[in-house]
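Multiple structures follow.
Okay, so chain A shows up in both of these, paired with chain B first and chain C after.
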Partner chain A sequence: MSLLTIDQLEVRYGPIYGTHSVSLTLDAGETVALVGSNGAGKSSTLKAIMGIAPVARGTITLDGKSLLGVRPADVVRRGLGYSPEGRRVFGQLSVRENLEVGGIIIDKASMRQRMEQMFGYFPRLRERASQRAGSLSGGEQQMLAIGRALMSRPRVFLLDEPSLGLAPIVVERIGEIIAEVQKAEGLAVILAEQNAVWALAIAHRAVILELGHIAVQGSAEAMRADPQVQRAFLGLE
Partner chain B sequence: MNFTDLLTPVLFGQILLDGLSVSSIYILIALGFTLLFGIMRVVNFAHGEFAMLGGFALYCLWGQFKLPFIVAVPLAGLVVAAGSLVLEQTVFRFFYQKMFQSMIGLLGLSTVMMYSAMILWGEQERQIPPAFTDTLEFGASLFGENLLLPVDRLVMFGISLTTLAAFYLLIMHTRIGLAMRAAAEDVEVAEAMGIRTRVVYRQAFAVAIFMTAIAGALYGQIYFLSFQMGDQPLLKAFIVVILGGMGSIPGAALGGLILGMGEVFLSTLFGPSVSNFVSFGGVIAILICRPWGLLGKPE
Partner chain C sequence: MKPRSPPVLLLAGGLAGVLFLVLWPLAWRSDFILYIATLVLQFSIGACSLQLIIRTGHISLSHAAFAGIGGYASVLLVKSAGWPWHFALIGAILAPAAFAALIGPVLLRLSGKYFVLVTFLFGELMRFVATDWQGLTGGSNGIFEIPKPYPAMRDPLNYYWLSLGFSVVCVGLCVRIMRSEIGRAMDAMRESEKLTECAGVPAFRIKVLIFVIACGLAGVQGSLNAHMNNVITPGNFGPLESLNLVVMNVIGGMTNMGGALLGTVFLVALPELLRGYVEWQRVIYGVILIVVMAFLPGGLVELWGRLRGLVTGEAVRGTAVVTDET
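Then we have the complex of A and B:
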């Protein structure tokens, strides 16, 4: 049995469809890329898992237990971590306080320890620990949003559009850190990305969404080699 | 008449103490108001009525049950805050994150609370008996005349300052405060980090009403107690929060200090009409130049 299973998920905001039918599975220690253009339904899928977006049909289960109707605050307690699109760090709070919010469900002693670990993964955040998060650069804010989500020691990490607006070298660094955390903690990751080239480079498997449906899926390696995928999604001829 | 002759060091000292105690009361009321707006986005037009309830609670606990004053004041705050959770559950929570609806709804609640108080306690104005009647006198050798500090005012200032300090510690140095600040910035993300917003809202509500009721108790003791006394505290909260910036906690502190000090200085030296003229004139000027207030953020 997979860690996380999504089956025929339909997300609807009133009359507007977020996704029509998305199915995917996720195992511990693997990264699945969720790729697609604007409005394909990537964010809607992640939000549905978190309990933020309204699910009209389909199922989402973690360890075989349904996540439907579970409030976001309790989804976190089941072992999910979420880094939203656009980073959305708490700009008025310091870097350290942002991490503390991320660790609000664990006790204070393990929080201090976990924060040290985060500072190990992201040395830049340690340097800026008492700085207001709103004053960080885009790349630093993305690191903080990731660190904040990982504070609660999730088993499943939902990462939405981390590459947006960042320099290639920063994007590359983020990929390395994800791999590092994954290796150390057996983390399962769903990476929602428009940057298909990068996402397919760091993921094990990939699901390509088009207008709320799954267009293609398979191992990232096979997809990188698939001429149709290359033409349509990787911008290669 | 010369201005510098008028403002002797002794008068200055007295105005300062008066100003500080009035400011601290305004700050408490305004903090409650700004907290409700900053976190739940409700504009609490019934705010003054919670101040009134604080006044009546103090009247009971101190005036009738004769509890020690410094116990009666915080207890009055607690009683009103605990009781107000019923209103939170039955009225307020339906207006969370609905700014415009909240204005109308809570204006209605204000009227209901006001006239319920009238039915319950009657129309007459009451006095909360003074807690202390002594006056400290000192400084004659320094200033040529004695500085008179009414103990009453000193105790009030002490109580509101302690409450403010406790609030500061709660907001800045506890997990409850951290959750409140996070929710104030981005409710959706706060919830996605594991913060139960329903709980945070209830806590913020109780804290806001606690501070307001304490301030109302002190306010009622300085002036008078009646079912209509809520108007003034609400108006002050409004001015302070507009001065400082809606939803801004440091803004409420700054605004309260400016309004309290300004009022006391101006009304002592030039009379209450000048003081009112200047404080409303100042608010209009600020709304024109900086509509988001001194420390607020443009929307």
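Then we have the complex of A and C:
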């Protein structure tokens, strides 16, 4: 049985569809890329898993138990970490306080240890620990948003559009860190991303969404080689 | 966010302050000043507990009404039921807390201005109830001849010390909450409740819990105040009084307990000291408020920070005012 299973998910905001029918499975230790353009349903899928988007139809289960109707805070307690689109941090809080909020579900002693781990993954955050998060650069804020989500030691990590607006070198670094954390902790990752080249490079499998439907799916390797995908999503001829 | 001062320093500063507050009347006794100081101490409980609610992102215009519920509960338990004051005080905490637990889960779903409006209406409603339920509350004349908590409290100095003790405990509790994990989560919630929920914080449960605690603490103010004045009337607990508690926090910068204390001194002591100029009081208030909001959005505390910044050459940011995006 898969760790996380999504079956025929339909997200609807009143008359507007977020997704029509999205199905995917996720196992421990693997990265699945959700690729697609704006409005394809990537963010809606992640939000539905977190319980902050209205699910009209379909199921989402973690360890075989439904996540539908579970409050976001309890979804986190069940083992999900979420780093939303737009590198959202608590701008008025310091870097350390941001991480502390992310670690609220773990006990005090392991919080300190976990924070040290985060500073190990993101040395820049240690340097800026007592700075206001709002004063960080874009790349640093993205790292903080990721660090905050990882504080609770999630088993499944939902990462929404981490490359948006960042310099290529920062994006590359983020990819390395995700791989590093995954290797160390056996984390399962869903990466929602417009930058298909990058996403397919770091993911094991990929699902390409178009207007709320699944267009193509398969191993990332096969997709990188697929001429149709190359033409439509990778900008290669 | 301002750097948090180390707990040891805070504790030492707090202890020194309390020691001074305990001892000064022994060195120099003036019953008028003592009366004002007692009022300030009582209102500090209301102002600081209201700040707890403000810091979850909600501005309540019914906090004085909850103090009133506590006040009436305390007075009725002592006068009609014949309870000793210390038991009645427990009632004065539990009654508004129970009320808050009842309406909080509904009220706290409202955001921003709607919460303000509905709490305003609730405050008015409580005032109507207190005015019209004459059999219980004595109507608009209120309840007279309220006994002091203990006979020794007839001495204003003793009453001052009693209020000081409760103020220290209640304000200390508020400070403790804000310095805890929950306090951090509250500061995060004010920026974005949804994002805080997604970080694993049960934001709504915390809001309800804090609302209940804060309203319970307001009851302490209500009880102390009623037994000091010997009389309790509905007028003391209307929206205008609630607004005063909000203004105390605005003057103090909304997100700082020290600021709320400063605001309380300002707003309670000033009218008493300006008694000779009653017709000017509101004008002076208004001008001060406008000046503070226009030039010191972080409150009087920011003035201190800026002065210190001038000396040390450090730039100071304004503190964020309550925002709500959900």
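Criterion: the second predicted complex is superposed on the first by the 237 of 237 C-alpha atoms of A that agree within 3 Å, B and C clash if a C-alpha of one lies under 4 Å from a C-alpha of the other, contacts with A are read in each partner's own complex, and residues count from 1 in each chain.
Operating definition for what follows: a residue touches a chain if its C-beta (ideal position, glycine included) is under 8 Å from a C-beta of that chain, and two chains touch if they have at least 3 such contacts.
This one's a predicted model, so the numbers in the text were calculated from it and none came from an experiment.
S.K.: Report clash or fit for the pair chain B and chain C bound to chain A in the combined superposed model.
M.R.: clash
S.K.: One more residue to check, A:V76. First (chain B), second (chain C), both or neither?
M.R.: Once the two structures are laid over each other on A, A:V76 reaches both partners.
S.K.: With both complexes overlaid on chain A, does A:S94 touch chain B (first), chain C (second), both or neither?
M.R.: second
S.K.: Using the touch definition from the top, say if A:P84 reaches chain B (first), chain C (second), both or neither.
M.R.: In the superposed model, A:P84 contacts both chain B and chain C.
S.K.: According to the stated criteria, A:A225 is in contact with first (chain B), second (chain C), both, or neither; which is it?
M.R.: After superposing on A, A:A225 lies clear of both chain B and chain C.
S.K.: For A:L211, decide between first (touching chain B), second (touching chain C), both and neither.
M.R.: A:L211 sits against neither chain B nor chain C.
S.K.: Regarding the shared-chain residue A:S152, is it in contact with chain B (first), chain C (second), both, or neither?
M.R.: After superposing on A, A:S152 lies in contact with both chain B and chain C.
S.K.: Once the structures are superposed on A, label A:A184 by its partner contacts, choosing first (chain B), second (chain C), both or neither.
M.R.: Neither partner.
S.K.: Per the contact definition in the header, classify A:G102: touching chain B only (first), chain C only (second), both, or neither.
M.R.: both
S.K.: Does any part of chain A touch chain B in one structure and chain C in the other, and if so which residues?
M.R.: Touching chain B in the first complex and chain C in the second, residues 50, 52, 71-73, 76-77, 82, 84, 88, 90-93, 97, 100-102, 104-105, 148-149, 152 of chain A appear in both lists.
S.K.: What residues of chain A sit close enough to touch chain B in their complex?
M.R.: Of all residues in chain A, those touching chain B are 50, 52, 71-73, 75-77, 82, 84, 88, 90-93, 97, 100-102, 104-105, 148-149, 152.
S.K.: In the complex, go through chain B and note every residue touching chain A.
M.R.: Chain B reaches chain A through residues 175, 178-179, 181-182, 185-186, 188-197.
S.K.: Residues of chain C touching chain A in their complex?
M.R.: Within the complex, chain C contacts chain A at residues 1, 3, 181, 184-185, 187-188, 190-192, 194-204, 317, 319-320.
S.K.: Name, in rising order, each residue of chain A that touches chain C in their complex.
M.R.: Listed in rising order, the residues are 50, 52, 71-74, 76-77, 82, 84, 88, 90-94, 97-98, 100-102, 104-105, 130, 132, 148-149, 152.
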